[in-house]
């Protein structure tokens, strides 16, 4: 498939359409928000399922193939927040605390964007290394720590570093993702077969439901857009593309396939909106959520979902193929 | 029925601080508390975790001294940083020894 | 299959048995009510899933085949509430406000009855036009408006018409059904394939769980039966049959297949208990829920589920075949 | 700790009116409110939407004047039509300027 | 707005006794009540059904006589056996005839 | 498969690994608890699904094959609590009220242990009588009554016997299990086919999620371990093994297959932690949950899940084969 038909296929896939439905319904003042416990069930399911499948795949992969991509991902997790912190200095008038908060978000990564990319590649028939979920887990935490450190020098810290770090490492998303990886690794293909109808067959459907909710939440975030200012909006679109290219290039250099490099591009380009906001809110309460949530959730997330995912694949194919 | 007057301190806060709030309320001397999930709106509005979306509403029956300590902690560590609201009312309890 | 074996197959299908289980458990003073958030998840799933499947089918259907059935359905949505309003005048002593409320309920339609009919036809091997979901969406709203208008002349209105109409049109059930139709239409068969295990494979199972809950709720409603009075009980059984025949006849006249006409019969015969009660409670608080909910949920719903669905198919086969 | 006395108005209502109630409470001058999902029973019993099944419990800290306005709106628009119950208690707050 | 003072009795109890508690509160003369799901901690801690995990928080507006009867039932049948806490506060209500 | 590979297969199956993940996450102070409504949905699903599948199988079984195992199970439900009451007298210093409470728990049985055993046998390719679910239902209630009676002579009863018995018989778990059995029996194989993707295909996956939660809860229970004392810990491990052997021997004597006898062993060995705790808490509030919950949930449940299930199968194969 060429780039345009890939983009069209992405745009008309049920998950992306559900996201748009959530946006549209909220714009019409309808309320399609699912109750909190249901939201938690869906995200629990997605995190654990992604982890398990990644673990099963990791077991099949030769250790040598995994090491280099992991190192590149770690490097991205340190370089991207630093870059964001500096770039934001020029693109916006935000102070160091807000810039550190944004750095934590853009350095970390988004489970749902990753998941949508996986579903997209599957539908497009592009193969990728199954252990990319390991890269997701690797990329989630370090950037948050870097971002908090960048901001922390300028903020009255409300909690000790140790406490904040422990909260990040034992947060639900990290535990489920890493726990799922271990579970999948230990149980292997044979064990996984028994839960495949649940964690595999239903996956795209659950993602569709979840993205409908994400559409509702993103629509609410967009109401804060005026507060964000033009510079931040530009950052929220341009910076992911830069990171995406870095991720793709790094992935190809580390020996990943075209599909695998595209996924690493998506990981690098996507901004966290679960782990990072919680950590930042606790450790940096002075940072304004009107900036970091609006940027990551209101702008970057829809951009990546609709435009970014096929774009990064096209770039990977151009660079790698 | 013999009752005694205590203070019922109610705190509404963004859900993300629940863990810390409970710890601090206990440290201030409260012997028990009850928490309920809530939602709401105030002057501040913006909430970090749109995902958790919600507030919590904690109430604790305490002596006036403990109530004062709780309000001081709130004023120092919470009001400037988080979306938190608190009030106290007079309450009559049976078994007052349970709360002091 | 002849009528009796159809009726028996319906009665021993898991969804109908689950409904009876819910009734029985409640009669035994057991509590099988699921928590509110779970109830919302299940209805969310059913509405969206029905919508999506209808949209996929709509895309395959020639526009010419769809137009006439839609017009007939619209006509039913206006005629049935008017008829109900008049008939209730003779069968009961209710005032115009309560009759308007009932007209809104009986003119509108019931998602779960429709869904049970779809599952029943599938099991009985009777084919029907996939776009009947469009008819469901078309029939849901107009009758509510007509019913409110009929009652409104006699009631102190608590909210402006505009507000009430907007609340109906952006209600969760309308948004999910119409949104699902659009989503299914755009994504088409290829896109649907990926979410089929979720929205298709699990469908009858989820419906079974949902009907168990409906049994619990209907049983509670039946406790208000004495309040309803004999006339209303008779109405709640006889009127659906009349509407069912009207729907079947109209459907056959509009060129629907036997199965499709049976579905339109079910739609016409069924009474709303989600959209209509919410709208009526807000716009007509003077109307007594002890009448409209007991009739639609306590009597008509079980009647249609157990007797009506196979009956309407038999009538459609007699008239159409 | 400097506190001031305000009124805490609590309203229990069938869930379906939440949206309107919040709007009317704000229009009456309340600067914030907290809502919790509830269930209950009273003299009226019948509830329209057995499905939503539930009530909500809204509480708002307000000045006596605003409390009066809220109760008037309830008496006029809600008590005759919906299953609604309301009461007020005295409450001491820190940062009283937040609520007036 | 004409209001009258009543008592608002609040009871926090382990969820498993909800059914019985509601029955006993009604038998003591309460004309209505509102229940909310809650969690909490007190001096007792251990809860039978970790599964239900939770407490309930029941509140009921009653006359002082009914409040006394409720507290007596609690003292006799609940305090010695279950994790239950109760308090009462003064509350002003419109339509006092609804509660007596 | 020999015993060791069976044990290894059990230990590396997704449900058991999920349980260990829940334990580990809680030890790391992480919070993987799902919200209460989700927990209720999962247990609702498991109970109803187990019931339905059992009912379908019951219909296929000749009545003669079922009668004897049912009688043996009833006998176990009376003998085991009596035995526990006596044995606890010697192994611990607990008073009669606490011993009665424990007798109720160990005489009754655990749905999730049963379910894990079923999944385990399926994976190990060991066949068993489908109607064993009937035995689960038969074993659930009588022991609770016996336990309450043993304790009741020594306790100030807070509720009348009738009230307590009615609460047990109309409890959610009994209603769903028995209701599911009836539903499955009536609908039969043909009706079940339509809900198989939901109640069958997804089953192991849902069990995995549920066991993760059980791990979290068991970990919390283990914190009360010091309170329990050595005698009770020894009881919680040794007594199930004795009961397991009794169940297996009884099952073989009643004509069950090796697999069926292993399941009856699991039923006899497992201790209730849903029906019994609720009943005991209401009828015997003087009994200390720190004993009965810690023993049944903190010790016996993990023991059976990890060691017991393969052990009972090995014993059944040794005795039966």
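Chains here go by letter, A, B, C, D, E and F, matching the order in which they are written, and residues are numbered from 1 within each.
Keep in mind that, in the parts below, a residue touches a chain if its C-beta (ideal position, glycine included) is under 8 Å from a C-beta of that chain, and two chains touch if they have at least 3 such contacts.
In this text the structure is predicted, and so the values were computed from the model without any measurement.
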Selected interface, A-C versus E-F, where C-beta contact pairs are more numerous:
A-C
Distance-maximising chain from chain D - centres being C-alpha averages
F
Going by average Cα coordinates, which chain is farthest removed from chain A?
E
Nearest whole angstrom, what separates the Cα centre of chain D from the Cα centre of chain E?
20
Which integer distance in Å separates the CA centroid of chain C from that of chain D?
35
Could you grab the centroid distance between chain C and chain E? Build each centroid from C-alpha atoms only and quote it in angstrom.
40
For chain B, residues contacting two or more additional chains:
36-37, 89-90
Note the residues in chain C that touch 2 or more other chains, in rising order.
35-38, 41, 197, 201-202
Which chains touch which?
A-B, A-C, A-F, B-D, B-E, C-D, C-F, D-E, E-F
In their shared complex, chain C is touched by residues of chain F numbered 35-38, 40-41, 44-45, 48, 52, 166, 170-172, 175-176, 179, 182-183, 186-188, 191-192, 194-195, 197-199, 201-202
Would you mind writing out the residues of chain B in touch with chain A in their complex?
14, 16-17, 20, 37, 46-54, 77, 81-82
Name, in rising order, each residue of chain B that touches chain D in their complex.
10, 12, 36-43, 55, 57, 68, 71-72, 74-75, 79, 85-90
Any idea which chain C residues touch chain D in the complex?
36, 39, 158-159, 217, 220-221, 224, 273-274, 277-278, 280-282, 285-286, 288-290, 293, 297
For the chain F and chain A complex, residues of the former touching the latter
12-14, 17-18, 21, 24-25, 28-32, 34-38, 41, 119, 123, 197, 201-202, 204-206, 208-209, 212
